[in-house]
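Common to both upcoming complexes is chain A, partnered first by chain B, then by chain C.
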Partner chain A sequence: MAYSDKVIDHAENPRNVGTLDKDDPSVGTGLVGAPACGDVMRLQIKVSDDGVIEDAKFKTFGCGSAIASSSLATEWIKGKKVEEAEALKNVDIVNELNLPPVKIHCSVLAEDAIKSAIADYRAKQAAKR
Partner chain B sequence: MTMDPFATLGAPRRFDLDLAVLEKTHRELSRALHPDKFAQAGASERRAALEKAANVNEAWRILRDPIRRAEALFRALGFAVGETNEPKASPAFLMEVMEEREALAEARAAKDLGKVQKLGGAISVRAKAVEGKLTAGFSGGAPPKDELEKLLPLLGELRFYRRFLDEVEAIEEEAREAEEALAQNGTGVSP
Partner chain C sequence: MAIKLPIFMDYHSTTPVDPRVIEEMLPYFNEKFGNAASRSHAFGWTAEEAVDYARERIGKLINAQSEKEIVFTSGATESNNVAIKGVAEFYKDKGNHIITSVIEHKAVLDTCKRLEKEGYVVTYLGVGKDGRVDPDDVKKALTDKTILVSIMLANNEIGTVQPIEEIGKLTRERGVLLHSDAVQGVGKVPFDVQQMNVDLASITAHKMYGPKGVGALYVRRSKPRVRLVAQMDGGGHERGMRSGTLNVPGIVGFGKAAEIMMNEGKEEGVRLLAMRERLRKKLQSSLEEVFVNGSLEHRLPGNLNVSFAFVEGEAMMMAIKDVAVSSGSACTSASLEPSYVLRALGVGDELAHSSIRFGLGRYTTDEEIDYVSDLVIDKVKHLRNMSPLYEMYKDGIDLKSVQWVAH
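Entry: the complex of A and B
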């Protein structure tokens, strides 16, 4: 199957690969997987006191589209407010990367990863209070 | 109507199939359906035999593969599998898979083939354990719907393990190629 140039670019030069300290209260970690294909994805955000995502990292073990989707997701949410990042939809990723129908689940995985990272961050903040 | 690979090869609807028996059935059916045997037959009969032969081949490809066999079992029992029908993996399971994948990536980067094989061996053992649970789950005829639902996450687990083992294989292949290239250079036969 032919990947779009953007997918290839992100898959070959993924942005923001890495790890943030998962025990840091300002870091939210999202860990998601696709049982239908066996891909796993971890996406982490570091949120400043005023609610801005100042850093985002990911690690994905999966196909090129899954790597590209999570790479693009971290690029997009960096510098955004948590609420803005939460509004990101998988179709935005599909459109930007030109994903074919069989790879749409990769973008769904990336959206889930963002949401789950935000949920983890919020749970940590709530626990602090 | 999709083809039921169990019916096509006359196999019982269970997970632990005797693949040697199945392969023999596949071979015999393929021989009986060979186009040479239908050279004198009418066009519609020839076409039917051809279609049946294709189904027999496809059924064998499905049933010899544990993941596709499990998928076919769920489907044959009227239970949809695939992207939107399967439950999400548990966070604890995902955490483990992630850790194992990272350990594998590290071993690959360090070119530690022994470690790669050790990690692969451990995952193989776990995959076998999951297959054992599927065998037990499908051993007593068609399980009721709530039992099938409990078995479904096992299918996802098998796919995560398969991905891991594919990666192990790719690393081993890479190492073999590197070794061959080195051996060739060593004897001075490189072009």
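Entry: the complex of A and C
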């Protein structure tokens, strides 16, 4: 299968690989996928007091397209408001990376990872109050 | 020495044609272009002679009693189809039961599935963690209705060599025919149709440094004489078992490739085994959680199928893109299912997704082994650093205890 240049670029030079402190109340963690399915994404966001995602990190077990999808996702949501990040759709990733049909689930997983990280962040904030 | 990229380490998929084979084939494209079925002139006789010489050479490689037992086909897929369907059809009054294994090539499995639709009963034997069929399971599965047992010589993914001789004893005792898809193993591990009581065997040229598009089916002619119904109708070539003008240049090349295998296969195996072990030891000593899939002892010398836990196979192949290997990962298959062979070993889907098959062959060098092992070690470390599973493993989390959200 031929990969698009953008997939290769993100897979070879992934942006924002890393780990944020999951116990930090300003950090939301999303862990989606399953090892048996061949892809697991963990995406984390650190949100400032005014609701801006000031940092995002990921780690992904999966194919090149899965790595590229999560790398792109972190790049896009950094500096965005939580609500804006939440509006991100998997088709945006598909279009940007030129993902073929068999790889669309990678983009779905990235969208899920963002939503799951935001949900975790909100749950933590709610618990604080 | 400078390494030439890309490096081919996928010798189970195919092999380059040996220059000695090409040389022998060339005259048969133009100078000696006759149709081997032309009985009335010299062009035809020359071609027929060349084809029969190839039969002899191929027959010798597997210890056939007569060159007449070699039937040429377009490749092993056709050989497997003819063997299984042809026998099933011919012996249908005798019985309707076939025994095979779950790790056979699709050309065997899908042929059996088709026969099931036509009313045949097929038993698919499982394999142990070592990737081998237990002959006892064959024994237990044999019934009065069994007409054929089809078990491969060596597996194309994990390289495990099956106990054909033990199985052959059982089938011979019971008067049941034994077919073996011997494509991956012929010339590389011992295969003797007399000693092993094999009645039909599928082989192909392009896995042994011959050309693509030419294969053979060994069909025993005595004790017992195997009969089958042709699956290709036409001019009645190949003693009525396979109609169609013979691919004379291809067959000539096949014959030469078989002769080279006969003379050099054993020595080559020793060399490949040493390189395979060098690769395995380098990988396993430099990286943790690297698992060999299937038996190491009963294995093709040039095969190394390993799972690098916490790293997905396709991402791995992308990271080592200058090295041609293959993976049992779902992402590399059209079906998005991980390898059925690895699943059959019970290694768990996550390890199937993490598998890489290295196939070493005639032109693999020590320098390539060193280059590839260093590259793989580096890339596995890199990919593990971005794997959430590796981080969890390092934090002492049991991945099996995690509630995963499958999608």
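Following the convention adopted for this analysis, the second predicted complex is superposed on the first by the 125 of 129 C-alpha atoms of A that agree within 3 Å, B and C clash if a C-alpha of one lies under 4 Å from a C-alpha of the other, contacts with A are read in each partner's own complex, and residues count from 1 in each chain.
One rule holds in what follows: a contact is a pair of C-beta atoms (placed from the backbone, for glycine too) under 8 Å apart; a residue touches a chain by one contact, two chains touch by 3 or more.
All values derive from a computational prediction rather than experimental measurement.
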Quiz item: What is the contact status of A:14 with respect to chain B (first) and chain C (second): first, second, both, or neither?
Solution: second
Quiz item: Who does A:3 touch here: chain B (first), chain C (second), both, or neither?
Solution: second
Quiz item: So, A:32: does it touch chain B (first), chain C (second), both, or neither?
Solution: both
Exercise. Look at A:109 in the shared chain and tell me whether it touches chain B only, chain C only, both, or neither; answer first, second, both or neither.
Key: second
Practice problem: Kindly classify A:61 by the partners it touches after superposition: chain B alone (first), chain C alone (second), both, or neither? | Solution: both
Self-check item: First, second, both or neither for A:100, with chain B first and chain C second
Solution: neither
Quiz prompt | Residues of chain A contacting chain B in one complex and chain C in the other | solution = 31-40, 42, 59, 61-62, 105
Quiz prompt | Interface residues, chain A side, partner chain C - complex | solution = 3, 8, 11-12, 14, 17, 19, 31-42, 58-67, 102, 105, 108-109, 112, 116
Quiz item: What does chain B use to touch chain A in their complex?
Solution: 82-83, 86-89, 91, 93-95, 97-98, 101-102, 105, 153, 155-157, 159-164, 167
Quiz prompt | chain A residues touching chain B - in the complex, by the definition given at the top | solution = 31-40, 42, 59, 61-62, 105
Practice problem: Spell out the part of chain C that touches chain A in their complex, as residue ranges. | Solution: 310-315, 318-319, 329-331, 334, 336, 338, 348-350, 353, 385-391, 399, 404-407
